[in-house]
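Common to both upcoming complexes is chain A, partnered first by chain B, then by chain C.
So, the complex of A and B:
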């Protein structure tokens, strides 16, 4: 199981880097969807089955559809896009930043002797019970956030149509 | 190095990637992608915390809330992007500085 988690983490980080460094915004959206799928695999293997289902269906599916819908409205020529945003030049330093950050983090972990261990085995908590009873306020907050998001999109698109 | 430590490093690098994208990109959709990447690292840390403490049910409840908020943020920012495109003909974030009132 650990091998699959290692591979998924490698894919997750690679897809995130590719999403940022890609010059095509459509490819970036697809790489982001692939990163969500890799994160879903990691969550599933750690025992968070419900969260992994939400991650794959919502983040990998719905968010990608939203991105592609927004991209499809743009009809700029690809040369003009590259000239305007200049992403190739602006994103070129990301590998160096990540190498520096990774090296710093590994040095910090090794020198401070940080040894993360699982302090308690995962209990057989009833997720439905926690979600519906203990975290009831969260559900109300989610419903409110979704309503606000829907209203905001209607208002923004109405203003954009003028 | 344990798998927990590696997850910590990967999450840190993901936040770094997202923040770099936020700082360096002028494309509005690319900026949303940067925010999404940073939020993904946050959800991974929540699951990681639940795995370490043995409270996976509670962690999943938090993660589902975070995912809903992630989608709402993406939808609202996509709406702002479309409005920006209709007004200026491109999705350049620098155009937002021209807004008055």
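So, the complex of A and C:
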């Protein structure tokens, strides 16, 4: 199982780098969806089944649909969808820097006595209790965050506003 | 349910209700009366804090756990907790938000409904941060504050607005990544993110010399909250965000957002990691660097709001020094400086709004001799400057006095001496500001300028009165709090 976790983490890292480095916003959104799916696999294998479900359905599914809908509705010309970088040479080294950093961190963790694979306790049966009682503060925070998202869309994307 | 339950619930529910009311009212009515709705909510918050304070002191509660909407109270994670420290911050949030509304009444012509919505979500975020007793919940509401602030800075979507807000968003996102990573490390070490559990478990872990993960978590937490506070060397976003945003939003950023999102995080950090010397050393180093660097950078500025923004950076250093002492006196001094900074900094931003409305500029080189034409603005500005510089009998003197005394008592005499001498730098940049704006010869194009009227003038007078009266009465207030065993 640990092998699958490390492979999934490698996919996660790769897709995240590709999402940042991609010159197409559409491809970035798809790479982000793949990264969320890889993260969902890791969560599932570590025992956080509900978190995995939400990660795959919301982050990998719903958010990607919203991104792709927004891109298609924006009527952007295909050449405008590609991002242009002024400092191509510097950005070209970024994946190597990230991979080196990731390799260093993994080596550091493996040589030190740090327990990484902390398996989550089962929460299936007390899901309702946790959501509505124990984590009430987080639910209120998330509701407010969703509200701000709606307000931000109105403020930032409203046509005709200066 | 105790009366405190009803009062405590209002900190989250009243702003939420205001958002609903703001959006179901007819648009023209909501725009015409936007200042009334938001003003009522902010004044209500201040009154609720005062009521909660008297109820808590009458019942000898040092802290009051509660759940929103009256569910069964449980000491487990997820429950809110009202403490005496959070009451001070809650009052400051209400006061500064009220001042923002007074300024916005004059300065905001468009997006009024969005302004109210964003102010209410910002208030929910700040109140939530101050009431939770779990680090992950703190992080959730921290994100709420960050996103609200980002959208508020970009409210009018001019190029400068968007530039300032993008800069804030990117740097703020870095801070939240640091904080979230630190939380994951702490969770791995302690098995919980509840303040009570962390507090009891951390001391057992912290003394282990090779606990690399915990120290790494500390570094990330300090860096994250330092970015949110705008201390040196993480301050680069602050002046641009302040300058580019509308003044009603700048007063929120400097007056309360950096305190709740940053300073309150440090307060929580110092309480959770009370036995770890590295925290105190880090805060002392950051504090002294911030005081001096912020003051030196303010000396070079010519834009009124940038001078005030760098002054905020410098004053945050005093609060960090107070927290670094690890003593009750230092904590009291730091909290007192949070309150005094909220008042005198809000005064200065009200002055900026008045000057911009009447003169059309905030470049201090284009102003001069305005003390006769704008006497109320000039007087309030001078009193705010005296308070900032720590001149008695204003509020700023007492808070700095407490901090420097705490430094002296805990053996940090050199730091206390540097902090005292840095007040000279504070006086220097503000004297330069006052001289250029209010004294000297008036330029010809400003010869017809008159004093600001209406809500901004009221804000200036109110804040000046608070700075002066609380300053004069501060020893009595301190004695009263001592009699209640709160300090």
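Simple rule for what comes next: the second predicted complex is superposed on the first by the 110 of 162 C-alpha atoms of A that agree within 3 Å, B and C clash if a C-alpha of one lies under 4 Å from a C-alpha of the other, contacts with A are read in each partner's own complex, and residues count from 1 in each chain.
Everything that follows uses one rule, which is that a contact is a pair of C-beta atoms (placed from the backbone, for glycine too) under 8 Å apart; a residue touches a chain by one contact, two chains touch by 3 or more.
Just so we're clear, the structure is a prediction, and the values are computed from it rather than from any experiment.
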Chain B versus chain C as contact partner of A:156, first or second or both or neither: both
Partner, of chain C and chain B, that touches more residues belonging to chain A: B
Partner chain(s) touched by A:41 [first = chain B, second = chain C, both, neither]: neither
Chain B versus chain C as contact partner of A:148, first or second or both or neither: both
Partner chain(s) touched by A:140 [first = chain B, second = chain C, both, neither]: second
Touched partner set for A:56, first chain B, second chain C, both or neither: neither
First, second, both or neither for A:29, with chain B first and chain C second: first
Contact residues common to both interfaces of chain A (with chain B and with chain C): 114-115, 118, 134-135, 138, 141-142, 145, 148-149, 152, 156, 161
For the chain B and chain A complex, residues of the former touching the latter: 1-10, 12-14, 16-18, 20-21, 24-27, 29-30, 32-34, 36-37, 40, 43-44, 47-48, 50-65, 67-72, 74-76, 78-83, 85-87, 89-92
Residues of chain A defined as touching chain B within the complex: 2, 5-6, 9, 12-13, 16-17, 19-20, 25, 28-29, 32, 35-36, 39, 42-43, 46-48, 50-51, 54-55, 58-59, 62-63, 66-67, 69-71, 73-74, 76, 84-87, 90-91, 93-94, 97-98, 101-102, 105-106, 109, 114-123, 125-127, 129-131, 134-135, 138, 141-142, 145-146, 148-149, 152-153, 156-157, 159-161
Complex interface listing, chain C residues touching chain A: 12, 16, 19, 67-68, 71-72, 74, 76-80, 110-111, 114, 117-118, 121, 124-125, 128, 131-132, 134, 136-137, 140-141, 143-144, 147-148, 150-151, 154-158, 188, 212-213
Parts of chain A lying in touch with chain C, wherever the complex brings them together: 112, 114-115, 118, 133-138, 140-142, 144-145, 147-149, 151-152, 154-156, 161-162
